[in-house]
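What follows is chain A paired twice: with chain B in the first complex and chain C in the second.
Moving on to the complex of A and B:
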């Protein structure tokens, strides 16, 4: 398995990067945790599950284009499905586990297209069965045709809630309401951005229309206060707030539901990038700790490029463009191939449109600190290790002022998720207490994802450099 | 420039530094203790080890220091008023011997241990298997077991010491690095990276491998070199390993902690330098060795790994005592900092406050031994290689 180019993640960025690199004659290995390509956004139905078409035709078309691009190259690349990159070292050197094996790659160039994880503001009851990330709800529908609830409530910040709400309606769930921290109309603060993203806005209206026709109310500036239920979710209490996050008294209302889909934005899966020592900057609305890149996706680490939302959230269309750019850059800069400028020019134009558009989207993703202040003190912020808000605030008050120190002091971030879910909340608490804008992330070390001792022991080398 | 004073300035808020701060403030109401640490909470070796504690040693003072310390750990929650406890788990330590040579070391050590009432016993391979059914007996000559040996959470231990010392009045600051110590008559002035300085009558250095860089400018040399070690931890699983396990040949220490995660400390040759970096070959090397010893646990998932650097001394033993400069003290642990910290804190703090000179518990560990050549190597040190 000699490869010049190794790409982690087979969403739009990874697949397009592979497509470009192969086009110029590079040998590519593409790896992904899923059995099939597409990533979260273009997730494919599992074998034997009926394919669903997206409500938005354009989105469906983009998925088809990506599948077709992969089909064109699939017999010329090594595709490792159900494989997880768990460690990275300067070189670049990448350790990947698949089934009961692990492999060491030392390619000329590594492209990280690892995408994002979801984020939610914690609230009392958020660990109850029936409370799910909106993207997780979507994944169940896309891959297995399973609708996770009969009576659903969707809550959070940003446009994903609208899409998931409409998709739940399409899957015959009764959607009680969409509760948004910030109204989507906040995007109008950036009129030029809206113009640049007019196509995406049009697609958004398709979802909104679907919701309106089904009588699903949109509650603007409402937040989840608590989820109720003993063994599983029974109801959710929402509360109204004003723009700066302050609660409006006596507005609490409780809605019956067996599914709460939440999404308060995304976090870049930057662990592998950070293992290379690539600098990151904290920007909650852009995806948490974002690796610093040049326009080609290049980083300060030798032979490492980053493509797609892992390098800051710009959405699926931009991810495909960033993938093309990284793929062509890998071919030109690291494999000495001549590349065609026209594809690159088109990709840069697409990327620019989305960079501009996302400035508007980010207006809807702002989470005022007051939202955290209203939480019950015993709310678990780190669900893996059971660390409460009260314990974290005590730790900060005792003078522990870095993510690493708080982690060691409270165990927040030491569990199974590796801190992907909770450390954003810890950063928010720290940020407020210390009025900082720069928050150092937790030190990234192997393993990036849980991996069995057996597969680590059972290792083979894939000598690279083609 | 902000000027501060202290009766005793402790540099380093790891297990030794905080334990000394607690003992001094616990036994004296009228004393100004300041602790400065260059990093955040538990950033050094005290927060990066495998968290075991054993009294199974081959030298009198190691046995006694650990015996006293384990007794303290048993009552730590009450003595330090730390209600959530320190995740103390007392299911013993099983030291595994690969050959007759190591068995005979264990045998002679047990004789000494029994003199001090350590309930240790020699184990046949079958005894080992009874205690840890997942163990691979191949290449195993036997072992030695002591049911009083234990483990605890390093983080909770440090947090308990920190909170209790602060309640007692100790001033403890993190992220304040002492760059330079200056002599000023009978006093010392410590200059920090924040531009502040602290004038103190006495200084205790608890910065482990970093001690030489602070005392060499004062004309004192101590043979301490940094040695990085890597550790991995698995997901929490059912209790499968009761005691702490130490493989004296593969240099692995295994600790299934109270909440079920299994911590593997796997020592291998590495360059002697300060490093917190993971190395590419570690996980594979560790996993192979672990599965040779415990072949049935290949399906358990690794969650994290980390690296810590501690100070290595020529005899792999602590350096405790006053230096050639009066009122300048060192407490360097050489790998046993966590497990000996309660007793070392007591003895060193009394030494510093002139209450107990020449305590035989620590007199063999005096810094002078490197001039006199009276090294005190410990036969039951579990260390892959020495420089």
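Moving on to the complex of A and C:
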């Protein structure tokens, strides 16, 4: 049987979408790049002996619920692990590669639950081994029980830093400090939002308590100025700033560490959505270029729904709710099934809470442009193609005023990561120089991820299979 | 497709967690011990090997995103260049080399 519903991404949104769609009798194919379900947030241990990183019991409970949901449907769906969706065409048509084969799907409905990747502001020395994304540090702990350093410094913006800091403490690393661009207390500017997200706040306090008990200092309104080291990271220089991003003179301090876990928020993995021509709006605090959706996750592209943080960062709990909504919508609208309203109502209520809570969280994610001004001109902004800050500024001054033009001129964003690491920094530079009202992302074209020619040549059509 | 699927599910099934065995492999000719199921990146970080690649300008690079996004940890695994250490599971006697892009 031809798959009616194809879902890209097996995190909370993708799995819950699959669960709902299967519940109403749709035939579902679920695709993920990892060998196991869970996505980044509920990453499973690879060998069952991961060090303890479960500080918040609620988080573990949510993971168990997701695993149980998947267990219930696992024999009724096609799950393609270690598979990458690399191209999308209107129809919808989706090209997927797995283990040096590739498949073409033409489902009735495609649900994109591709999630987010991490964003960090570049700084001098950020290419040194030992400088890692905070979520990546967390992933290594969750999946392999590996702690990426012995003396760690956590820096950046947003609530992830405190979770990673507490987990590093739990994994027996010496955490030197947590340096935050905006204090978490900035969230109190939105008291109603805090009330809506009180469960999340409570979990946040569990992490803070753990940090406090271990004597880890939190440095508010401090930013990373430079990472030092010859072959590997040895130390990091931080500097104090005031609210609008201005540096406080003579406050620089250097902290010894062999790991810098850094995160300045998340970016929506919207490449596949953009290949369908779905409109995106640039909103840095909400996850970069966000595809425009209706309340059910529906888009302007025929047969394409979007679920989870790919459609704007609201977190794992909201992602599961948005997955349920998209799964039920797929069953009702595209497969003609009658759906039960009670689950939908609960999911919408959950989503609403997190939308409200996000208004508070985004207060911690604001990145003043002054942070970018600390860079040495020769620092690589695009790490894949080795494009320096100086080169980018020269390109903008020469009259390249769109991301596409800068990309053609400098190769920034053309490398293997597909611009997922650097394009938001390019957008920030462009915005500062040109004061644009709307920044278009670069045009998304196949292939979305590097694939081998061999796997494309080794292609089969999934119509008539299952 | 179905058959392959079920094989993969058996190997990496949702709740199936294999017992830990030690696997040994080689990094730059050096013997490295890892837990079975580890990624090359995880095993090398645990062993204190941080430099996986030298970029065209000669500067060292290591693991950054840990989840397969950034491709910074690409190295040569069993003679295949541009292989992501963070997305490759350690196999016995695997040969991993630092990727030199400056030569």
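The rule is short, and it goes like this: the second predicted complex is superposed on the first by the 455 of 466 C-alpha atoms of A that agree within 3 Å, B and C clash if a C-alpha of one lies under 4 Å from a C-alpha of the other, contacts with A are read in each partner's own complex, and residues count from 1 in each chain.
Methods note: a contact is a pair of C-beta atoms (placed from the backbone, for glycine too) under 8 Å apart; a residue touches a chain by one contact, two chains touch by 3 or more.
Source: prediction; values computed, not measured.
Novice: Put chain B and chain C onto chain A via the superposition and say whether they clash or fit.
Specialist: Because the two structures are overlaid on the shared chain, the partners are seen to fit without clashing.
Novice: Between chain B (first) and chain C (second), which does A:189 come into contact with in this model arrangement: first, second, both, or neither?
Specialist: It touches nothing on chain B or chain C.
Novice: Check the residue A:450 against both partner chains and state whether it touches chain B (first), chain C (second), both, or neither.
Specialist: both
Novice: For A:95, select first, second, both or neither according to whether it touches chain B, chain C, the two together, or no partner.
Specialist: first
Novice: Considering only the touch criterion stated at the top, classify A:103 as touching first (chain B), second (chain C), both, or neither.
Specialist: second
Novice: So, A:416: does it touch chain B (first), chain C (second), both, or neither?
Specialist: Both partners.
Novice: So, A:295: does it touch chain B (first), chain C (second), both, or neither?
Specialist: In the superposition, A:295 contacts neither chain B nor chain C.
Novice: After the superposition on chain A, what angle is formed at the C-alpha centre of chain A by the C-alpha centres of chain B and chain C, rounded to the nearest 10 degrees?
Specialist: After fitting both complexes on chain A, the angle is 80 degrees.
Novice: Identify which of chain B and chain C touches the larger number of residues of chain A.
Specialist: Looking at chain A, the partner in contact with more of its residues is C.
Novice: Contacts for A:242 in the overlay, against chain B (first) and chain C (second): which applies, first, second, both or neither?
Specialist: A:242: touches no partner chain.
Novice: Considering only touches as defined above, state whether A:346 meets chain B (first), chain C (second), both or neither.
Specialist: neither
Novice: Which holds for A:137: it touches chain B only (first), chain C only (second), both, or neither?
Specialist: second
Novice: How far apart, in whole Å, are the nearest Cα atoms of chain B and chain C in the superposition?
Specialist: In this superposition, no C-alpha atom of chain B lies closer than 7 Å to one of chain C.
Novice: Once the complexes are superposed, what residues of chain A are shared between the chain B interface and the chain C interface?
Specialist: Comparing the two interfaces on chain A, one with chain B and one with chain C, the shared residues are 415-416, 450.
Novice: Chain B touches which residues of chain A in the complex?
Specialist: Residue list for chain A touching chain B: 87, 89, 93, 95, 102, 104, 275, 398-402, 404-406, 408-409, 411, 414-416, 418, 443, 445-447, 450-454, 456-457, 459.
Novice: Along chain A, where are the residues that touch chain C in the complex?
Specialist: 33, 35-37, 40, 44-49, 67, 70-71, 74, 78-82, 99, 103, 117-118, 127-133, 135-137, 139-140, 143-146, 148, 231-232, 383-384, 386, 415-417, 420-421, 450, 460, 462, 465-466
Novice: Across the complex, what residues on chain B touch chain A?
Specialist: For chain B paired with chain A, touching residues are 40-43, 47, 155, 159, 162-163, 173-175, 234-235, 276, 278-280, 283-284, 286-288, 290-291, 297-307.
Novice: Which of the residues in chain C end up touching chain A in this complex?
Specialist: Residues in contact with chain A: 1-2, 4-5, 8-9, 11-12, 14-15, 17-20, 35-39, 41-43, 45-46, 50-52, 55-57, 59-72, 74, 82, 86-87, 89.
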